[in-house]
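Chain naming follows the written order as A, B, C and D, and within any one chain the residues start at number 1.
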Amino acid sequence: MDALAVDTSVLTEYLLHLGDNALVLAQRNCQWCGVGPVLEEDLALANQSLDLIGQARLLYQEVARLQGGDATEDTYAYWRDAHQFRNYVLLELPASLPRVGYAQGDMDWGVTLARNFLYSALMVPLWEALQASAHAPLAAIAAKSLKEARYHLRHASEWVVRLGDGTDESHARMQAAFDHLMPYTQEFWTSSDFERAAVQAGVGVDVAALRAPWQATVEATLAEATLRVPSDQGHVPQGKLGVHSEHLSYLLGELQVVARAHPGAQW
Amino acid sequence: MDALAVDTSVLTEYLLHLGDNALVLAQRNCQWCGVGPVLEEDLALANQSLDLIGQARLLYQEVARLQGGDATEDTYAYWRDAHQFRNYVLLELPASLPRVGYAQGDMDWGVTLARNFLYSALMVPLWEALQASAHAPLAAIAAKSLKEARYHLRHASEWVVRLGDGTDESHARMQAAFDHLMPYTQEFWTSSDFERAAVQAGVGVDVAALRAPWQATVEATLAEATLRVPSDQGHVPQGKLGVHSEHLSYLLGELQVVARAHPGAQW
Amino acid sequence: ADKLAAFQARIDADGRIEPQDWMPEAYRKTLIRQISQHAHSEVVGMLPEGNWITRAPSLKRKAILLAKVQDEGGHGLYLYSAAETLGVSRAELIEQLLSGRAKYSSIFNYPTLNWADVGVIGWLVDGAAIMNQIPLCRCSYGPYARAMIRICKEESFHQRQGYELLLTMMRGTEEQRRMVQDAVNRWWWKCLAMFGPPDSASVHSEQSMRWGIKRISNDELRQKFVDATVPQAEVLGVTLPDPKLKWNPERGHYDFGEIDWEEFWQTVNGHGPCNKERLGTRIKAHRDGAWVRDAALAHARKQRERAFKAAA
Amino acid sequence: ADKLAAFQARIDADGRIEPQDWMPEAYRKTLIRQISQHAHSEVVGMLPEGNWITRAPSLKRKAILLAKVQDEGGHGLYLYSAAETLGVSRAELIEQLLSGRAKYSSIFNYPTLNWADVGVIGWLVDGAAIMNQIPLCRCSYGPYARAMIRICKEESFHQRQGYELLLTMMRGTEEQRRMVQDAVNRWWWKCLAMFGPPDSASVHSEQSMRWGIKRISNDELRQKFVDATVPQAEVLGVTLPDPKLKWNPERGHYDFGEIDWEEFWQTVNGHGPCNKERLGTRIKAHRDGAWVRDAALAHARKQRERAFKAAA
């Protein structure tokens, strides 16, 4: 099917969803820069954030091209509000156990790695499938991103195993991290109008079909990590529809503060 | 001396300095709302934040009146950047032991109470003296604020004693809090052009002259709390000249985010 | 049996039961459960609105919001005190909350996502709460009834402030109006559910009615709330997100659509969007504050010992 | 004595000392101190710029800044490795940093107060660092010299990026230009002090020169830096905050004012604006990360034991 048959607005939403995922997770992981548990990991996480920022830029650039006019990649990162972001809620949560938006506290490396694992376990098969997208620019971005996601998954898996099968404390922390995060993964498997339309047009991927391989990855890794696969019951978030947690507006407030203080400025 | 003899810009700077102190400390203390160590203290701290916001509003309103035009109290709170704020650096620090601007972490009630104590121990004699300001509106604000500051000082002193002379842990935490904060109080005793001019015009108070009573309060309370009065050696901050720590821009980013997202809107 | 008859007679005569009075154990337990649940709701209820204090868009609104959240904490205090008159300690009640054994109002398990949520919580959530609480001002248990009188007065004030906040926003920019409508869309149905399950499915009601703890049924209160709110929404210029909402001249009431009870029970049973965050925050605050409470106790003990020595 | 003569002869002939070679204990100690201090500087140096990663005003700048800070961490790694070749462990060196026994470059004890600080650190701080470090590429100790070659290459790249960031801002709005000038005003003198005390007051220099660890004097390097920077500032359109700065045709160099050495020593001795925050942050990061490092060790031990059992 020809990509031109897709409504630009569907393609835009789909690309923004993918781009927002990458940007929001990058922003969260950036907060570890300089304060990680060990220098090598500081670098590894920064590296992954760089990959994610790179993905977001390519996706936003493609949206800007489709939209035309004055839009640039930064239009989407800096000039949209929380309800316009289409990332999974999982990715905007602070790197800590459950806590309301304004309650500050220490970050937890276990939560960060568990999240990176859950997300990249999805993105590997997702980018893989998107290499066949009928929208050629997206297929190209997918091919590039796939290599990165494979590395992110390997890195995160190794840490999940190391921490799950480490000390009693690290085991308990990782279990708590997965217990906390797992319900948010339910959002992966829900469908939305723009995803359905993108799938129908051959541009997007039916994520629900990736659930089995994702589940297999999660079960295998958690087993190796001597961790219990927690229930994913509970509230199903709707971040990709623009309904977020209390955390996103704080995250964006920080991300956008300098850019918005100087409307129209070049950097 | 007649207040009209003072340059409006001097008076403006002087009032902004006082108002910024109140607003910035209120903002820090607000972060405890709902997460304090005990419900009564949640309410007590909220009460004090309300007093401080009230003081800031009166001071900013007076600035707006002097400046004329469209300015309102919110102009000063929401539409100035960090380098334009004239608060003491002490008041913008996070409620934690030393930590760089972007390193998030748990708040420390001991730091919050130690700071409230050090600040209100200054503000009681300062507002007392300002009741005689040649600028009548400021004298009126001082009279009102004095009552509040006396309560703040009493509350903070009681907690300093309670925590200093409590458990071993609380003693150590309070000592660490004072060791951390004390050097920042040096800024109280430095003079600035606008303060000198305000003093000369009979509008402001020579803060350096309040050092002895402040010192007496601090020494008496810390003695009762079985705490050592720490050295105030070290870097002398220049917040009142607009040179701040890395923390203020974060604090303001959060304080101003909604207002700035909607320029010109009424609330 | 004599005592029980006297107790019931007092209630039937619309008299008040006071702490020193005899009361059936089940009455005491029901009240402890209800009052403490109410107290916990006030305390947990500080969090959703607390989320916007540091970001309030004007100093006036910041002060109003902070004062309001502070009032909620104050209500928590009155209510814990009222519960304590029934022979239970605040520490015990808090322990029940933090361990998940005690509940709090499920409405606080939804997130506050934009500044207009502050206004909508005042208008609709507090509005629904008042509707629920006004009958409690005539509750048979004296300390609870008196606490509720004070609370209702303050809540009405909060409700007016919330409505006024929204009026101001609706007179503002297009984006401000969008925020209000968005907040109304997210909160409306949750507020209707605040009155509890339909009378046909309600468990505790009958006994509570007999004891003078509950005086009006869930469905009656809900209808009252809808009837009062629709005209306010019209003045405001927002659309309540219910296509079935319309005036029924025969009934003399507004008809409205079906509440999603499954979602309601999900949330009540721990699976709302913020249950874990709310409780996690309270647990962390309690834990982080332990050294402060311990120190205060240790200091008080030292003071007593010193006084004792001085007296000896 | 023979060994010492051979050692000195190798250095005098501009040869390299390698880890397995004999070296005087004082040489080893001096190098450990200098290399580890340099490594610590890279790691602590991640913090001032790290402060703006989450707030970078464009995605391109965010990526550039993050990559840069990551490079600094990488430099820290090379340098810790170079120090380890001298028989000291990284853990030991980090312990020295966190306990305050080891120093790091005092320049990182100043705050980054606006986005332009990121550019000014690239242009001036990295510029001064490069000036200091280029001679170290010819340092007599092989591993250090090789690390420095790689580091200097990357630092030059960072410096150009910083300068380019500032050029863009200077072509921008009035407020952007104000930010750049403000940042230059705050950093200029601190950068001049980075070359260390005047030659007349410098302690370690002579021995270090003889050992081929230091090759150019502080004052010479400082002059080189000023001479290189003034024309760049002119192109940029910023004013360097020194009224005494002017070209001296007789010397063929720029004259410049007096550095505030008292302030410099205050900061070196722990009383700069951010000393406690920088170290406090490193200490907290190290402490918060302990469970992660412990777990990694525990897991590796388990893996070894399993492999051992499987082999048995």
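As a working rule, a contact is a pair of C-beta atoms (placed from the backbone, for glycine too) under 8 Å apart; a residue touches a chain by one contact, two chains touch by 3 or more.
Per UniProt, the chains are A, B = 1,2-phenylacetyl-CoA epoxidase, subunit C.
From a predicted model like this one, the values you see are computed outputs, not experimental measurements.
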**Fill in**
Contacts shared by chain B with chain D include exactly A
**Asked** Any idea whether A-D or A-C has more C-beta pairs in contact?
**Response** A-D
**Prompt:** For chain D, which other chain has the most distant CA centre?
**Reply:** C
**Prompt:** Taking each chain's centre as the mean position of its Cα atoms, how many Å separate chain C from chain D?
**Reply:** 57
**Request:** Mind checking the centre-to-centre distance between chain A and chain C? Centres are C-alpha means, answer in whole Å.
**Result:** 36
**Separation of chain A from chain B, taking each centre as the mean of its C-alpha atoms, in whole Å** = 41
**Asked** For chain B, which residues are shared contacts with two or more other chains?
**Response** 31, 34-35, 102-103, 105-107, 249, 253-254, 257
**Message:** Quick check: what residues of chain C touch more than one other chain, meaning two or more?
**Reply:** 47, 50, 53-55, 281, 284-285
**Request:** Name the graph shape formed by the protein chains and their touching pairs; answer line, ring, star, complete or other.
**Result:** other
**Chains grouped in pairs wherever the two touch, ordered by label** = A-B, A-C, A-D, B-C, B-D
**Prompt:** Any idea which chain D residues touch chain A in the complex?
**Reply:** 43, 46-47, 50, 52-63, 66-67, 69-70, 73-74, 76-77, 80, 115, 165, 168-169, 171-173, 175-176, 281, 284-285, 288-296, 298-299, 302
**Asked** Inside the complex, what are the residues of chain B that reach chain D?
**Response** 82-83, 97-103, 105, 180, 183, 233-235, 237, 243-246, 249, 253
**Request:** Would you mind writing out the residues of chain A in touch with chain D in their complex?
**Result:** 23, 27, 30-31, 33-43, 46-47, 49-50, 53-54, 56-57, 60, 73-74, 77-78, 106-107, 109-110, 161-163, 165-167, 169-170, 173, 254-255, 257-259, 262, 264-267
**Prompt:** In the complex of these two chains, what residues of chain D are touching chain B?
**Reply:** 47-48, 50-51, 53-55, 111-114, 182, 186, 266-267, 270-281, 284-285
**Request:** Quick one: which bits of chain B touch chain A in the complex? Just the residue numbers, please.
**Result:** 31, 34-35, 81, 102-107, 249-250, 253-254, 257, 260-261
